[in-house]
Amino acid sequence: MSMISIRDLNLSVTAGKKTTHILKDVSFDLEAGRITGVAGASGSGKTQTGLAVMGLSPTGAELSGSIDFDGVELVGMPAKQHNRLRGVQLSMVFQDPASAFHPMLTVGDQITDHLRHHQKVSKKVALAKAVEILGRTRVPHPEEAVKKYPHQFSGGQLQRIAFASAIICDPKVLIADEPTTALDVTVQAGILRLLRELCDDLDLAVLLVTHDFGVLSSVADTIVVMKNGVVVETGEREAVITAPQHEYTRSLIESLPGAEVSP
Amino acid sequence: ACGSGSDEAGGAGDTIVAETAFNLKTIDPHRQFEFTGSTIDSAIYQTALEFEDGDLTKPTDGLCSFEMSEDSKEMTLTLKDEDAKFSNGDPVTADDIAFSFERLQGIKGNPSFFLDGVKVKKVDDKTVTLTSEEPNPALPYILPNSSIGIVNSKVVKENEGTTDEKDGAEQFLNENSQGSGPYKVEKYDADSQVVLTANEHYNGPEPKYKRVVLRNVSAETQLTDIQSGQAQVAYDLNSDQAKQIDESMGKISSLPSTRSLYIFNNADEKIGGPAADPNFRKAVMAAIDYDKLIDLAGKGSQRMASLVPNEFVGAVPKDEAPERDLEKAKKLLKEAGYDGEKVPFHYSSDQAVNGVDLAQLAETLQAQLKEAGINLDLKPAPSSTQLDGFRSAKQPMGIGTWGADFPDPTNYNVFIPGGDVADRVNWSDDPKLKKLADEAAKAKGDARDAAYAKLFKATTDTAVWIPLVQPVSTVAVGSSIKKFVSNADISFDFAKAE
Amino acid sequence: MAEATTAPLGTDVASASGEADAAQRVKPPKLHPLLRFILIRIGISLILIWGVTVVTFLLTNLVPTDPVAAILGDRAAADPEIVAQTREKLGLDQPLLVQYFTYLGNLLQGDLGVSNQTRTPVLASIGQVFPASIELGIGAILISVILGLLLGLLSALKQNSLVDHAIRTLSLIGISAPTFWIATVAYFVFFFRLRVVPGAGRLDPWITPPPKVTGLYTVDSLLAGQMATFANALGHLILPSCVLALFTIGLLTRFSRSSVLDIIRLDYVTAAKAKGLPARTVVFKYIFRGALVPIITVVGLAFGSLLSGAVLTETVFAWNGLGQYAYRGATTLDLPVIMGVGLVIGIVYILVNFIVDLIYGFVDPRVRVR
Amino acid sequence: MSIGTPKQPTNTPTTEAVRRDPVDPGLKRWQIRFPKALRTPLGFVGAGILALWLIAAIFAPLLAPFDALAQNFPRLSAPNGENLLGTDTLGRDVLSRILVAARTTLPAAVFVVICSALLGSVLGAIAGYFGRAVDEIIMRIADLVFAFPTIILAMVIAAALGPGLKNAIIAILLVSWPSYARVTRSLVMTARGSEYVIAGRLLGFSAGRSLAREIAPNVISPVVVLATLDVGSAILTMAGLSFLSLGAVPPTPDWGAMISEGVSQFAAWWIAFFPGLCILTIVMAFNFIGDSLRDTLDPHTAQEVGETTS
Amino acid sequence: MTSIDQAPAAATAHSPASGAPLLELDSVACEYKLDGGGRFRAVNGVSLQLGRSEVLGLVGESGCGKSTLAKLICGLEKPADGSITFDGHPVRALGLKKRAKELLGIQMVFQNPYASLNPRRRIRDQLDDALALNPDGTWTVESLLEAVDLPADSAQRYSHSFSGGQRQRIAIARALAAGPKVLVGDEPIASLDAFLQARIARMMRDLAIDSGASMIFISHDLSVVRDIADRVAVMEAGRIVEVGSTEQIWNDPNHPYTQKLLAAIPKVDGKGFIPG
């Protein structure tokens, strides 16, 4: 059974008198222990899909269709109730680790404040947990790290910290929005490995947003291809990459440089 | 949250709050020369002579009784008020009187000129003589001035007080008054306020108000403070403001002012331009609408026929004052060959004389002269700059003010060619006036009055000085004060208020 | 997959290049960055203060008036001998440069000269009037910071709503109103007509000021335990500080609005929301803290406009502060007073902004050096 | 596929379409944006008020019911059928004086703002472009001017030069150029480091050419916006100076001076009330317009221009 | 053949011997002052040659000094050490001066397409500025736009009405219009989405080679570099650790850093293998 099942999701934003349709009848599933990769060119609605699951669609957005999370309907859920799921059951990692952290708060504070809020644990306990989780995501010297500020870390380290923050409340779903785009290839490899590991160990349902087929090919189990807010193709990783069904997917893969695409 | 109200003001008990816009440099009596300082000093210091009930024509005994020699050259002062005591309890002696006079002369301060050419001599423990080389009939009118207050010589000397320029007692005297008057200084702050408390050794009737707070506030605040009972005495209200105080709020006490307002004209053609032409000056004199000026200066203000206030000896009778005559003015202008060129007209923009705002006065004059075809180019400046320009004799035309230092016509001799002020308009020579002045100096008794009146009438006729209006000195007194004395000598007597 | 989990997770290259970073440093910094930052700020402030002395000195030398005449008064100034003596005593016969160094030397000894008008030492007078302005300024700053920040925050959080438009319009009107006029109107209405506030001045005139400790009547009266005086001083403070605050409320509202709007768009705010934190935490812990740094700077700037406003407001409320003192000095061309006030205000402004910079440096861990 | 041999660009699908600008590209950017800005409610109201004031100022001699200088009415009469806004202490018609005062205030404020914008932005551009010592000197002077509250510095300058409109203008000019210098400097510095300017330099542009051709067009509109907002503060400062009787010389009608006259005549509230209202509305108009204009700038530039023009 | 050698000085005395590299860097270093005091050597002892009609790829991870090197080549930074020679002329730091005529043959395409065009000037004006350097060239505004695959009416518009990819093509057109001998691209494709990157990179190569120019193409995306470069230089922490033909670098990397870098590139093979 899928952890999240998205059906006919539509999203439109009204600004002034103009209404733009960002998502059109998007449907796909996320399953526990599997990484679902969403690919597509810039502006195709990848991020907005992730945000819709989190209940963070932009102001003035109209959401319809259904997002079923473990039997609970997320579309139209009151904000208060949604808030209780966010950070606990549903968590998210953003593209640019440097800007996803508040520059004036310590890392320890930022990765535990939702833990303290949701599970009402003391600051001390929370920090101890933070140290443990940072160790798990392979951040060097976790005890010192919790006392440091974001600018004292490199991008790769910050992204690991962001993952720590995302899993600290044992969520069921993790949405990763281009988590490696801002990083170098060598760092990217480490993060991808971490993602795989977390997904497998914690039985997370992961939504991985990216426009890099290399990344998808490495870690995604299922691939969803989007174009202008429409899902054009969904399928198993190998099948989609080696034998794309849709013309659009094929052209995307063909446009890639070099000869990485194995025949 | 109402923290004020006249009831509470009454409840403020023995404090009297008086307000004025400060012009305060010092309250060392022998240096002070401004309104605020003399207001304070007259409450702190007693003087050798006084004016009888504030009548400026009647000098009478103060601490001393006096006798003037026949030739007006020698004055004998005899200590009369035996019980008078300084605020530290020391009795007032002839030494104190002589020291005070000598210090006034010696330190060369602004009021030193009062005793120019006078020799002070202590004769015995009760007597001091003042001897002048020239006849000095004005002396009895001079001595009541609060600048000639009697100080405790012993204490002042102990605090660097001397009778020459080395004197260093000014600051001491600002903070620790040494007078025998009803009050003494509690706190002196030249920027914001001066607080006086009763002098317990004062030998006169004990004042009802034991504390006097003299605050530095603008006229508009004074008005609201009187109206709301925040203050009991306001010195600077103009006539419009005074009108707003009704019976329930307080009373207005008006007295003829001892200050004169005039237009000066520079007699030097290079500087004065058209103003140097007597015809032009006379045209100006004829173009002014004096009734409107009286209206502006408020109830109680008077026409002036010369610079000498109407109450003084030597004043020219009011009914001889110039009148408006536009036809005449235009004719005179034609004779002067004036063709409407702009004449710079200087005045102090920040000064009000007994409630007459000089800026308003200048605007009014400009509008009136315009009707006769005279164009004034207004040149306002802060008093200090303005005074600078006037003093250096570089201003063609403008508004001048003169406050009597003592109520005697000799005080106005400075306006006659040869005098200090006449120099400032480059008016150096007029044989006719010279002759009249000599005659007046020699005149005695009633003849003196007439001789001076003749001199000043002739002066006005030259139109170098155009007398505008004698304003009225207004003191607004809050309703919580039921009885008070206010006269030309001391505009409000704190000690006698009840 | 097994491969992925068992393979050693190589250190990030980014952290490895941190070591390279150290190797590439040719000269390591000698000072702790924060210390260096503070020293630089002190240096800049000192240079500015020196500049202020030059400006005040030059400005007053522009004044086309003879200070001697003002000092001596009408009578004594007529005597050329006394005038010459005074000139010499004041050093006015010296060349400009010498005069400047004399001035500077005196300044260093805390001698700001003596007022031409009142003969009171300028430093002493400023000591008297300065606390009055500070009291007014603190009152106004408190009011405007609290109201300004809250309104700005509200307006930004409700962007484009009716509340937002109302607040924006009001704050624009707030910065458009001439302070002296508002002061007059407010005084007329609240004191003269309604009598809900006490009149002009810092205390009712018959009340003796509390013993001077700080010079702030509210504080001093509390220290002396004089509750009635405290209430009175506070009552007198309310209207002037509200009037004075009006402009800065507008200023701060507008600034905090735009500052908050900038922050709201940032990723870390979305990240905080995605963590399911309650709105209160997101707003105050994340948004507000981020917005505060630029706002602190503006509070420093606002201080300047408060001083400007004070000149005009103090006149209306007979508030015997620095503003009125400056005004009297300027209109009577009392040079030592003008120089003294200019210097003090310049220094205070520089100090305030120095402190603001320091706070900035401390609040923001990424200590920045210009 | 052999390495290093470039492929022909395949006809890849592209999500980008040429984005059509709704605005006619034949117009300069700032020209089309300003009227657009005025279409916001605030901008519209501001423009309306300003238009009314402009009409009032231009046609003041026709609109004013009486001679603004003539003292031929009863003094201090309250608003009535003849003197719609009452008369002042010298018996002059307040309405006429208010209208005539607009004729000096408005042009003077605009003039002083144009001068200080020119002076400030030229200095700022020089400081920003050339940097180093020039920058330090100019900006330290600007800092110094900033260290004195506007009105106090203006007050001292006006007092030193003597009261009068001309001197008030000089005083305001001297205190208000630094805000332009700061904004321009920082915009020029940003622009100077920006890639399009560097690209120009690589094409061999001289400093002058790159300032005039590349940088200036990007600096002008923020400066214009700042100037619009600044007209308001210039009017306020000017009124403040006249209030302290350091502004226009009487009998020239002036709002600040009228207020100060009114302050001493509390009971005659109309003398001070109406001129104050005039200042408020006209400053408001400029602030409304300036604010709407600023909203059309991009966020970074808007920040430079700041919320803090005072 | 496009040329900028109209300046007589360039055409005569300094005419380099054929076979000499077009651009030569000799142990170049560059230092930055750090905020907290001290200096940071961003480029250290770099020696490189660029031949005629050659595309050199420069790869390395973020912060290793690639952009600094590009700026050095264009004279936008002052070398702390070493020398750079272009076509026989020493490259001197530009400072505030006007750029020397003989150096105008080096042009650059920048990373950020949103900042590299003047927002307040028409595309045509910006292209004309560049064309003015090269009056004898065959390019016109229209032909340039066509070459970079943009509609001809683009010339009349302002940059804000173009997408990132389109802007980058305009920037390329501008650089080409000047008739450069060396085109330096500093991560010209980094901010474009993955599907556009390869296309723009190929376009750059084709246009540069067709117009007879050489190119230095900086990127941290190795697969794109492999696609278009003839030779590749690998940079690590301010130093060039390896230079070689693209083939050699890919098939037989010598330096461990190069090996590590190459190993980290994910393959699009659908095998689910995480690189590195």
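We call the chains A, B, C, D and E, going by the order they appear; numbering starts again at 1 in every chain.
The rule is simple: a residue touches a chain if its C-beta (ideal position, glycine included) is under 8 Å from a C-beta of that chain, and two chains touch if they have at least 3 such contacts.
The structure displayed is predicted, hence computed values, not measured ones.
Shared contact partners of chain B and chain D are C. Among the remaining chains, the Cα-based centre furthest from that of chain E is the centre of B. A summary of chain positions shows that the Cα centroid lying nearest the centre of all protein Cα atoms is that of chain C.
As a whole-number value, the distance joining the C-alpha centres of chain A and chain C reads 47 Å. For the pair chain C and chain E, the distance between mean C-alpha positions equals 50 Å. Averaging C-alpha coordinates per chain places the centre of chain A 35 Å away from that of chain E. Across the assembly, chain D contributes residues 3, 10, 12-14, 159, 162, 245, 263, 266 that each touch 2 or more other chains. Within chain C, contacts with two or more other chains are made by residues 1, 4, 10, 13-14, 17, 64, 192, 315, 331, 333. Multi-chain contact residues of chain E (touching two or more other chains) are listed as 61-62, 195-196, 199, 226-228, 260, 272-274, 276. Touching chain E in their complex are the following residues of chain D: 3-4, 6-10, 12-14, 16-21, 25-26, 28-29, 129-130, 194-207, 213-214, 217-218. Interface of chain C with chain A (complex): residues 1, 4-5, 7, 9-15, 17-18, 266-268, 270-278, 281, 285-286, 289-290, 293, 363-366.
Looking at the complex, you find that chain C touches chain B at residues 64-66, 69-70, 72-79, 82, 115-120, 125, 128-129, 187, 191-192, 195-201, 204-206, 231-232, 235-236, 238, 315, 318, 320, 325, 328, 331-334. Residues 61-62, 193-199, 201, 220-224, 226-228, 260-261, 263-276 of chain E are the ones that touch chain A when the two sit in their complex.
For chain D in complex with chain C, the residues that touch the partner chain are 41-42, 140-141, 143-144, 146-153, 155-157, 159-162, 232, 236, 239-240, 243-246, 256, 259-260, 262-263, 266, 269, 272-273, 275-276, 279-280, 283-284, 287-288, 291, 299, 302-303, 306-308, 310.
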